[in-house]
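You will see two complexes here that share chain A, one where it goes with chain B and one where it goes with chain C.
For the complex of A and B:
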C-alpha cells in the first residue's frame, strides 16, 4: 500500500529513486537503533576482561577471545584470570536444558488453555462477563506476593526444584496473557463465519478447529512468542522455587558474579546463547507473525 | 395469495426478548414450499432476529417453529437442514472456493468422488469453475455472493434464508445481482426467505411480503396487495416512494349524508358509511392518498396548491406542494413542465383514497366511494 502511494506520488524517476533511498535509510536507522544493545552484547561476549569497561568503548574487540564462551561450559577448568575468580561450578548446559524443558512446556500449556478458555469466554460467555478479569487478577499483585504462600504449598506438594513445579507456575502466571491476547484475536473473527459453518453442519469443536483456529493462527503464534519470551526470561520464581537441580538460564546468569564484581564477558556470552532459541522460534513462526500483528487490517 | 399446499415452515406466536427488549413479538407466519417470501421492515424491526430463530442461531423466548410439520424450536441449527446466506456472505476466507463449497459435504462424510462431482456441478451452474482454486478472500462481491449461495445449496436445505445479501453492494451491480437471484430462485424452486429493508428489493423479488415493524408483523400479502391495499398506517407510510400523503380527517354526518372533513374540504362517504362507523370514527381518522394517484393540473376543479419543489425523475417529476399549509407529495408526467412557484389544482380521486383509524392504525376501507 505504502509503496504504491510512493510510486504514484513520484512522477519522475529521480524523485522515485530518491524516495526509495530515503525509505531504505529510515528503515536502516530505526533497525540500527533497536539492534545496538544486541550488537553490544555480542561485542562484549568476545572481549577479554580488560576491555569490558574501557573508556572510550570499542565496538570491535581489540584482542578477541572465546574464553567467555568456554568458561560457560567448563567452569571447573578456568582459563585466564577472569574465570579463576568465578563461583560458578555448574556448566551452563544443565540450566539451558532445564529452560528448554520448562519454558516450551509451560508456554504450550498456557497458550492452549488460554486459547480454549478465550474461545469459551468469547463465544459462549462461559464463566460470565467477569471471568476474564478474574483471571487477570493473577497479574494484579506483585509476583513476590504470591511467592511465599506458594512456597508453603510447594513444600507440602514436594514440587520445589522440580521441572513440573516450575512449569505449573509459569503456565499459571502467563495464562492471563494468553487468554486476553487470544480473546482479542478470536473476537476479531466475524461470528457469521462460525455460524455459517454451524449451519453447514459443523459441531462446535469442528468449528473451532477448522474455522476459528486457522483464521487466528497468526495471533496464536504472536501470543506464543510473547509468552515464550516472558517465561524464558523469568527470574524471580525461578530463583525462589529452584535451588540446584532445576535452575534456569536467567538464574544461571545471575551466578556470574565474583568477589570483585560482575563478569560481563561470560554474562554477555550467556546472553548471546540464551537469545538463540528465541531468535529461532521467532524465525520459525515469522510468516504467521505478520498476519498476527496485522490481524485488524484483514477485511471481515 | 395464501399458501395453497402444506406449509413447509410455520411460526406460531414466536417471541424473542433480549434482556428486557422485545425484538420479536408474537409473530405467526406460514411459508409454502417453493415460495419466495421477503421480510421487509426498517432496521431493528426484528426481521433478522426472526430469520436467526428460524435457522436456530437464536432460541425463541416463547412460541414454536415447525419445519415440514416437525417441531424444531429447540433443535440445534446443525440438525435443521436450513441454509443461511449472511449479509457479508461469511465465507471461510482462509479456504479456497472449492473448500468453501465442499465444507458441508465433507462433514457429511461423502466419498471424495461424490463431493468432487457435486462441487463441480454447482460451480458450473454458478460460473465458479475458474475460481475453484482461488482463496475466498480475494473474490469480488458478485463471486462471493455466488459462492455463499452455492455453498448453502450444496447441503440441499429445505429452506434458504438470506439476510440482506445485497446490502453492501453498489447500485448497478445490485440490480444485476438481484435479477440473478430472482432467476435462480425461479429455476431452483427453492423455498427462500429473504430479509431486507429495501422496499424496492422486496417488491421485485417476493412472491409474498411480510412487513414488520417494532417486532410485529404489520401485513403479509403479495407485493401488489401491499402497495394497493396497505393494512396499516405503517405499511402505507413505509411502502411507496415518495411516501403516501396522510391527513388527519374528521367524520361528520350532515344533511343525511356522511362526510369526511378536512379543513374546508369534504368528501361524501355514504357508500362506506357502515364500515367507518363500525371503526369508531370519533377517535380520529387518517386519510391516505399516494402521490402517484393525485391528479394535478393547471385547470380547476381541485384544491388550490403551490408548487414548492420539483424533483425531475426522468419521465416523471416528483412535486412537493403546499396545500393549506401542509406539504403534499405528488407525481406528474414530465411533459406537464410544472415549475417551482406555479399554482396548480389538486384532485384526490375518492376511489384511490385509503382510510385508517388513528388509534388502531389499521385500515378501515380502501376507496371511499
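For the complex of A and C:
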C-alpha cells in the first residue's frame, strides 16, 4: 500500500490525466491503422467497376453492389461489366473445392504424423537433439529452393497438378510445426500418470491412446487449426505444383492479377472470402498463436 | 520295403513340420502385441510415418538438386538424365551474376528493416497495452488479425492501397499537394518501401503478441521496488523489464528474420519483381530463373548455395534456443 502511494504521489493529477488521454488516443490511432487496410479491401469488394479507381477515393461505396461476390461463383451470369470481363476466367468454386480437399487432408496427416513422432521425441528422446532440429530446418529454408528439385521429382512421379502431390507437400512442410507444438503439449503431461498405467499392465499403445491423447486433446485441436491456417494460406507450392486441375484459393486470387487485366472488385471479394475462415479459426486459437508461430519455443 | 516305409513315414513328418510351423505362427501371432509393445519397437514405429514422409519428400530431391547443379539441363532440352555434365560452371555463373547479389542484398535489406521496425513497433505496442484500459481485450484481438490473413490477400490489399489513385496517394496529396503523390510501383525504392510496409503491417502483431504475453507474465515486485527507490519509467524498462523479456525477444527476432528472408508472396503479388528486376528478392529470383526461364540447373545451384547459407545461419542462431527447449 505504502509503496503504491509514493508512486502515485510522484505525479501531479494534471499530468496523470493528460498522460491517460494521450495513452487512449495512441491506442485508438493504432487500432485504426490496423483496421484500415481490411476496411479498404471490404470497401472495394462492394464497389462497382466505375468506383475501383476514382480519385479522390471514397471509403464508403456510393452505389454498393454484390456483383463482385456473385461473379466469383457464376462468371457466365450477365451481371454488368465486371461479369463480362470475368467470363475469361474460371469460377472459384473449383479452387475452393480443391482447397477444401487438400488443406484438411494435409492437416490431418501432418498433425497425426507429427503427434506420434513428438511422443517418441518427448518420452524417449529418440534421435537425440538432432532430429527435432532437422525437422525444424525444413521450415527455415525458402520453399522455392526445395521446389526446384521437387518439380523434377514430381514430374517423374507424375504427381504435378494432383491433390495427392500437394497434400504430401503440405503435410511434409508443416510437420515442423506439428512436431514442435505437440511436443510441448505432451511434455506438459506429468509422467507419473503414464507410469502408473504401465505398472497396471497397460501396453504403451494403450497408454498413448487412452491416457496421453485425451489429456492433450485440446492442444492437438489447437495445433490442427494452426496448421490448417498455414496450409490454407500457402501460396508458393500451390503456384508451382498446380496448373489447372488442383489450383487452390490463393493461386486463384493471383490469377486475377494476371495477363487479362486487373479485376479489383472480384479480387477483393475473393480475398475477403478466403480470409474469413482463417481469421475465425485464428481467434479460436488466439491463446496458442504464440506457441504455434514460435514452434512451441515460447509457451503461454 | 525301404521305399515303402519312407513313403509311409513322409506324410507324418510333413504333418509334424506343418504343425510346428502352425505352432510357431500362433506363437508369433500371440507374441505380436508384446513385440509391438517392446520399447524399442514402439518408439521406432512412432517416428516411422514421419521418417517415411520426410524421406519421400526430401531425399530424392536432395539427390536431384545436387545432380542438377552439376549438369546443364532445361526442360526444353528433353530427358533430364541425358543432360551433359558441366562441372561447377553453374556455380561460377552464380558467383559472377550481379542480379544474384542484388537480389541477396535486397532480401537482406528488406529483412533487416522490416524485422527491426516490427520489433520496435511490437515492443512499443505491447508496452502501450500493458496497462489496463477499457476495451483492451477487443483492441488486442483486433490487432492480431493481420497475422492470420493469407499473404496473397495482404499483398493484394497493399497493392490497392498504394495504387496511383489509391488512398495512400490521396492522403499524401492532401498533405503535401499534388507533388506528394508517388508512383509507388514504377520506382524501385517506393516499391520496396510499400512491400516493407505490407510486411510490417502483417507481422508487427506477431512481435506484439510475443511481448504482450511476456510482459503480462512478469513478476511485479522488482518493478515496485525500483519505483520506491525513485527510478523513472525509462530506467525501470531499461534495467528491469527488458532484461527479463530478452530471451523471448531473441526467439521472436530469429524466427521473424528467417521467415522474412523467405519473402515471396508479397513481392510476387505487389510488384512481380518489377519494374524490371528492381524489387526481386532471392526467392523471386530463384522462382523466375527456375520456373519462368526454365533454367533448372542454374536454379539448383542457387538453391544449394541458399540452403547452405541458411543452414549455417540457422545452426548458429537456433542453438541457444534448442538448449533452452531441451
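One rule holds for everything that comes next: the second predicted complex is superposed on the first by the 203 of 300 C-alpha atoms of A that agree within 3 Å, B and C clash if a C-alpha of one lies under 4 Å from a C-alpha of the other, contacts with A are read in each partner's own complex, and residues count from 1 in each chain.
The rule is simple: contacts are C-beta pairs under 8 Å (C-beta built on N, C-alpha and C of every residue); 3 or more make two chains touch, one makes a residue touch a chain.
As the structure is a prediction and not an experimental result, all values here were calculated from the model.
In the overlay built on the shared chain, the residue A:142 is in contact with chain C alone; chain B does not reach it. Contacts of A:27 after superposition on the shared chain: chain C is touched, whereas chain B is not.
Shared-chain residue A:196: touches chain B; no touch with chain C. In the overlay built on the shared chain, the residue A:235 is in contact with chain C alone; chain B does not reach it. More residues of chain A are touched by C (comparison of chain B with chain C). By the touch criterion stated above, A:35 is placed in contact with chain C alone, chain B being left untouched.
Residues 203, 298, 300 of chain A lie in contact with chain B in one complex and with chain C in the other.
Remark: chain C residues 33, 36-37, 39, 42-44, 46-47, 49-50, 53-54, 56-58, 60-62, 64-65, 68, 80, 125, 128-129, 131, 133, 139, 141-154, 156-158, 160-161, 163, 165-167, 170, 201, 205-206, 209-210, 213-214, 217, 224, 227-228, 248, 251-252, 255, 258, 261-262, 264-265, 268-269, 282-283, 286-287, 290-291, 296, 299-300, 302-303, 306-307, 310-311, 314, 318, 321-322, 324-326 touch chain A in the complex. Touching chain B in their complex are the following residues of chain A: 190, 192-193, 195-203, 206, 210-211, 214-215, 298-300.
Within the complex, the chain A residues that touch chain C are 3-4, 6-7, 23-24, 26-27, 30-31, 34-38, 40-41, 44, 53-57, 59, 109, 112-114, 116-117, 119-121, 123-124, 126-127, 129, 131-133, 135-138, 140-153, 168-169, 171-173, 175, 179, 203-205, 229, 232-233, 235-236, 239-240, 249-250, 253-254, 257, 264, 267-268, 271, 274-275, 278-279, 281-283, 286, 289-290, 293-298, 300. Of all residues in chain B, those touching chain A in their complex are 55-57, 77-78, 82-84, 86-88, 90-95, 103-104, 107-108, 137, 148, 151-152, 155.
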